[in-house]
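Labels run A, B, C and D following the written order; every chain starts at residue 1.
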Amino acid sequence: MAEPRTRKIKVDVLARVEGEGALDVTLAGDEVRDVHLRIFEPPRFFETLLKGRHYTEVPDIVARICGICPVAYQMSAVHALESLFDVDVGDSIRSLRRLLYCGEWIESHALHVYMLHAPDFLGVDGALDLAASEPEILQRGLRLKKAGDIILTLLGGRAVHPVSVCVGGFSRVPPVSELRTLLEDLKWARDAALDTVRWVGGFDFPNLVQDYTFVALQSEAEYPMNEGDVAASNGLKAPASLFEEHCEEHQEPHSTALHSHLHGKPYLVGPQARLCLNHQRLRPIVKQAMADVGLNSSVTNPHQSIIVRSLEILQAVDEAIEIIDAYEAPAVPAEHVVVKGGTGMAATEAPRGLLYHRYRVNAEGLIEEAKIVPPTSQNQARIEEDMRNLLPTLLDREDGEIAFECERLIRCYDPCISCATHFLKLNIKRI
Amino acid sequence: MNPYAIHAARIAEKIQEAPGIYTFRLLFEDEAVASAFAFAGGQFNMLYVAGVGEIPISIVSDPDRARELDHTIRVVGRVSEVMGNLQEGDTLGIRGPFGHGWPLDEARGRDVLVVTGGLGCAPVAGAIEYIFRRREQYGSVKIMHGVKKPRDLLFRERFDAWRQHPDTEVLLASDVAGRTWHYHIGVVTELFDEVEMEPERSIVMMCGPEVMMRLAAEHMGRRGVPRERMYLSMERNMQCGIGLCGHCQIGPYFACKDGPVMRYDRIAPFLGRDV
Amino acid sequence: MTDRCAFKLPRDRFDDLLQAIRQRNYLLLAPVERDGSVMWGEIEGSRELAWGKADSQAPGSYRLEAGHPERCFEVTHGPQSLKSLTFSPRQKLVHVRCGDDGLTFDSEAAESKPTAVIGVRACDLAALKMQERIFIEGEYADPYFKARREKLLLVAVNCTRAQPTCFCASMGTGPAAESGFDLVLTELEEGFLVAAGSRTGEEIIASLNLDAAGEPEQEEARQAVEACAASQTRSINTEQLPQAMYAAHDHPHWDDIASRCLSCANCTMVCPTCFCHAVEEVPTLSRDESERIRVWDSCFTPEHGYIHGKNMRPATRERYRMWLTHKLAAWIDQFGSSGCVGCGRCITWCPVGIDLTAEVAALLEKDA
Amino acid sequence: MSEVPKPRLAVFKFASCDGCQLSVLSLEEDLLVLGGKVDIAYFPEASSRMLDGPYDLGLVEGSVSTPEDVHRLSAVREQCGKLVSIGACATSGGIQALRNFIDLDVSAVYPSPEYIDTLSTSTPISEHVDVDFELWGCPIDKQQLALVLGDLLAGVKPRLPGSSVCIECKRRQRTCVLVARGEACLGPVTRTGCGAICPGMSRGCYGCFGPADASFPPGRSQANSDALALHFHEALKMDAADVVRHFRGIHGYMDPFKQTAAKWEDDG
């Protein structure tokens, strides 16, 4: 039976979660009564705005959903549309797209690791505070981020909202000689990424173990980015086109973000999920680094996500170098597209986790319906669950300390750099 | 020589002439540059403020003493504003001198009529000093200067000093009255009726807003001053100062290298026009 | 076409010519295909030229299509002229350091590498001559232009194919390259004719041991070039210039143009004689250093005619009028000849296909 | 010598994608220079240290799209000496201003609309408070940002060119995609600043730096988007709906793009 509520959710709405949020906690004595992570980023209604636009405009529009991971939105969108139009991009385009995505992973992860997360372990308010105490660390972080930016800029024209991605391929692909100019910086970045893993591996991690259901793409050939089935640690494995059958969204009264459940339960997407479900496909240098810091593929302490992210930087840098070494320019920058009406779906792995898009397109190539499920909204329910587990251990602390610990935990999930984390206002009601 | 080369100069003295108007006395840092520098009255320099930009500013000091370069600057916009905040001891850059100045040779033996408005008196000041130092070589000198408000009058002492020279008249006008204003109230062209002139032996030098100069030139023309003996100092956008950047064109002329002082008969067809 | 001592250069020896130039330590620049048009690109040999291609130009439109498979100069002129090679679109002028002890200025050195440009057209040579007059023959010589110009070796090509946008014949600048080159080529059915225009050119030809051209080849070349001139459909009636342009200052047709013109400045950017430039100040964030950089500018920009408190050319009407009046009238008074060499680039590369020859014709008509 | 306090910088966010704030963090070496020149008093994206105002310089990202935003913005204005809006959202309402052209019925899209507090429009900062400077672009250009910050901190009025993308495209010797490929390109009517990256990537400009300001000193844009629209229709054979979509994009809420799109919508 089609539930009326479910149907309503299907209406084209994307409640963006990156942005501002607050946490409302109600404690009744020793009991945690209510935990509400409130996201109040103003909704931007992308799914509505996409209606009536031409499919060729989609990559430029969805990029604007997030300035930190625009490539992820572009990738999920073009894959969804290509699956509808039966476009098969060749190996060369496929590897260029992977390279572009590597750029975004490096940029986004380096930003999170150095600028957002590490300060929690170093006892500073922000990474810029390191300028005086540990300038070489800060500089390494900025330069590592830049290594991602230069890949994005070379392939896409600029690091934020790159302009070359299109359905069928790229508007322009670089000649071999151009790509090679990246190698020197990337080789530096590989060393820097290794140093980063060692550095964060030595942090002091609060002891917190969570019982996660992980969801990520899984692909036989490679650590997942653009392709793969949707897999879960509970054993689920399904083509991405069936994502919505397993993961459902619903609106919580306290938030403009839609919450997702896998078979009715919260789940986690992101680096930890990817690692758990794909660790066999990590590159040798990454496996070695992981062993060196003594990390197990199932990372259940959210604070250690900083190590996983650092490993993924290494993975992306090392892979980028390999792609460039093997690159041969495709015969044409983009495959020819024959428009047809219908629905196309795809999921890719944004830096912060699985990102699902679905488009219904008419015969003229105009979008009739769009659905976008970003990673942060999927993690929402899971984050609240974490809070529920964390709070009982903090009950005897000052409100300020509780706030800090909660914020810190939320930051582990890299919801989006502007998100809840820092803007968080903690309201504790004790009754 | 590279015409784009800029030379450092130090502000030896800063004088506030009026609110937002300053005269800077500049000395080149490099002795070789200083001793090679020579200019004619009415020429300008490109003055440069680091990190901000370069603007054309007339040299108001005496061409006979080229070591000390005076520039009177009115704060109006981006570059001039920062310049106005510079202090004695600060350095700025100079490129110049550029352009063609006042027709001081041609004026020899003639009556000189100077018509200026607003800050337009500054670019002529050097030329006037030059004439007075060779007083006997020139005929009568009549200086007519208009301002919007009495407060806008600069160089009050200079006007007073000039007035003392033989066979010289200084007439001032202000659009509006003021308590200390003992001079004419009205626009500068009205002063023309107050002076005796012998049009056929006169030469006119004008500097001020373009409309004012056009009206004044037409007026003088009606009085019988030949168009080829009226000279106007023109203002245009100047990026290079040497006739290459194209911004300052007035018809077929480049205000920087063919001017800024230009003969009325040549530019009359283009005055008040945009090409 | 002036008869020079011409030699036959078989097609299979074209590369020898290029290598002879290269051996003299010149970098070779030639029109190579880039993103759907031809641009000056560095080549090593003749292989990289646009063989078998032909361009087709019209107002606001350019397409690179298949051409005679054995010819490399069927492609006429792309958006670039020689301008970008001598008057660089972006030229650093001065580096400024701001220390405690005041300012230090370092002028950028004027330097250039020996560069041979293959495939220069007659209109480009005429434009170069014009720019030389502006940049190095006036009161102030521009050292950067001069340094670049001195290092150029020019290999011209006589045009045997005119575009519908070309009107060099009416401006007296083409289609034959008359002077100002080191070598000149004419592409024929069987190979090329080559002639020298300078001592260096003569030396290069001498080093190749070529046969002198006979009358039949010379005749073929002459006819091809003449046919090219005869095929031109556009023209400007230069007889009444410059006065008629000045007189058209208040013509209502300017408003008509302004309704179509985008003020985008493409026409001035591709124009091989336009010389306007602005100087940008680019300081570091710390402000201890700054650079002054000269960039191509245009009378179509909002800033071009601005002086404090007044914009001399506030709207498109005045800007287009500035451009056309300058090109066709003021230029003659300034530099002795028209600023337009009839290459038609501004017609082809105007996004909306505004055609100066048509606009002039309308403006020179008596008021409608 | 007593220490002169450093100017205090604050960065505020309204409805946006964060890309423009990210440009601040992407300043690389200049970020450290900036950190040395100012006291970053409020910049939640970069630091959990959030000091109260007043601030000497405020950067505002994002558009006004909720009733709450309106109040917060006026408080922000009061606290900031100089206020600079950065990016398309802040200067023109951004891509989300496309909602201004549709009947946005929140109850139709949210299961429980009573929890969604939104305005039916997304509007630029300057529609609500005075701004001292606008830095355009989606996202803003890092070099322009550095120039403007440098000017403001040095007490210089910032100034950026208002000419078209085409100028930069030609300076970089790129092939015009509109002329050589017949591909729609908004470059002729879009303001320069991005480095003409779209033509550099062999595609048409989609206007992310907003309408070129054909007037100086800055004022209402005079870009002739009507003429370009007509050309799209006549020479590129675009239908009216397509013309509308081209001008109703990231800066669809800005005149003259807004008016051009409206005209073609009426005709179509």
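Criterion: a residue touches a chain if its C-beta (ideal position, glycine included) is under 8 Å from a C-beta of that chain, and two chains touch if they have at least 3 such contacts.
In this text, all values refer to a predicted model and were calculated from it rather than measured experimentally.
Peer 1: If you average the CA coordinates per chain, which chain's centre is most distant from that of chain B?
Peer 2: Of all the other chains, the one whose centre lies farthest from chain B is A.
Peer 1: Compute per-chain Cα centres, compare each with the mean of all protein Cα atoms, and return the closest chain.
Peer 2: Central by C-alpha mean position: chain D.
Peer 1: B-D versus C-D: which has more C-beta pairs touching?
Peer 2: Spelling it out, more C-beta pairs touch across C-D than across the other pair.
Peer 1: How many angstrom between the C-alpha centroids of chain D and chain C?
Peer 2: Measuring from centre to centre gives 36 Å for this pair.
Peer 1: With chain centres taken as the means of their Cα atoms, state the distance from chain A to chain C in Å.
Peer 2: Their C-alpha centroids are separated by 50 Å.
Peer 1: Roughly how far is chain B from chain D, going centre to centre by Cα mean, in whole Å?
Peer 2: 43
Peer 1: Measuring centre to centre with CA averages, how many angstrom lie between chain A and chain D?
Peer 2: Chain centres of chain A and chain D, defined by C-alpha means, are spaced 25 Å apart.
Peer 1: Residue numbers in chain A touching 2 or more other chains?
Peer 2: 172
Peer 1: Where in chain C do residues touch at least two different other chains?
Peer 2: Where chain C meets two or more other chains at a single residue, that happens at 35, 283, 287, 297, 303, 306.
Peer 1: Tell me, which residues of chain B touch at least two other chains?
Peer 2: 51-52, 77
Peer 1: Looking at the whole structure, which two-chain pairs count as touching?
Peer 2: Applying the touch rule to all chain pairs gives A-D, B-C, B-D, C-D.
Peer 1: Provide the residue numbers of chain C that touch chain D in the complex, in ascending order.
Peer 2: It is residues 34-37, 39, 60-64, 79-80, 84, 89-90, 259-266, 269-270, 282-287, 295-298, 300-303, 306, 311, 314-316, 348-353 of chain C that touch chain D.
Peer 1: Report the residues of chain D in contact with chain B in the complex, numbered from low to high.
Peer 2: 150-151, 154-157, 159
Peer 1: Could you please specify the touching residues of chain C with respect to chain B in the complex?
Peer 2: Its residues touching chain B are 93-94, 96, 98, 102-105, 107, 110, 134-135, 138-143, 246, 249, 274-279, 281, 283, 287, 290, 292, 297, 299, 303-309, 312-313, 318, 321-322, 325-326, 329-334.
Peer 1: Using the touch rule from the top, collect the residues of chain D that touch chain C in their complex.
Peer 2: 27, 30, 33-34, 37, 146-147, 149-150, 154, 161-164, 166-167, 170-182, 185, 187-189, 202, 212-217, 222-224, 227-228, 231, 235
Peer 1: Please give the residue numbers of chain D that touch chain A in the complex, ascending.
Peer 2: 13-23, 25-26, 28-29, 31-32, 35-36, 40, 43-50, 65-66, 68-69, 94-96, 98-99, 102, 104, 108-112, 115-116, 118, 122, 138-139, 194, 197-198, 200-203, 206, 208, 242, 245, 249-250
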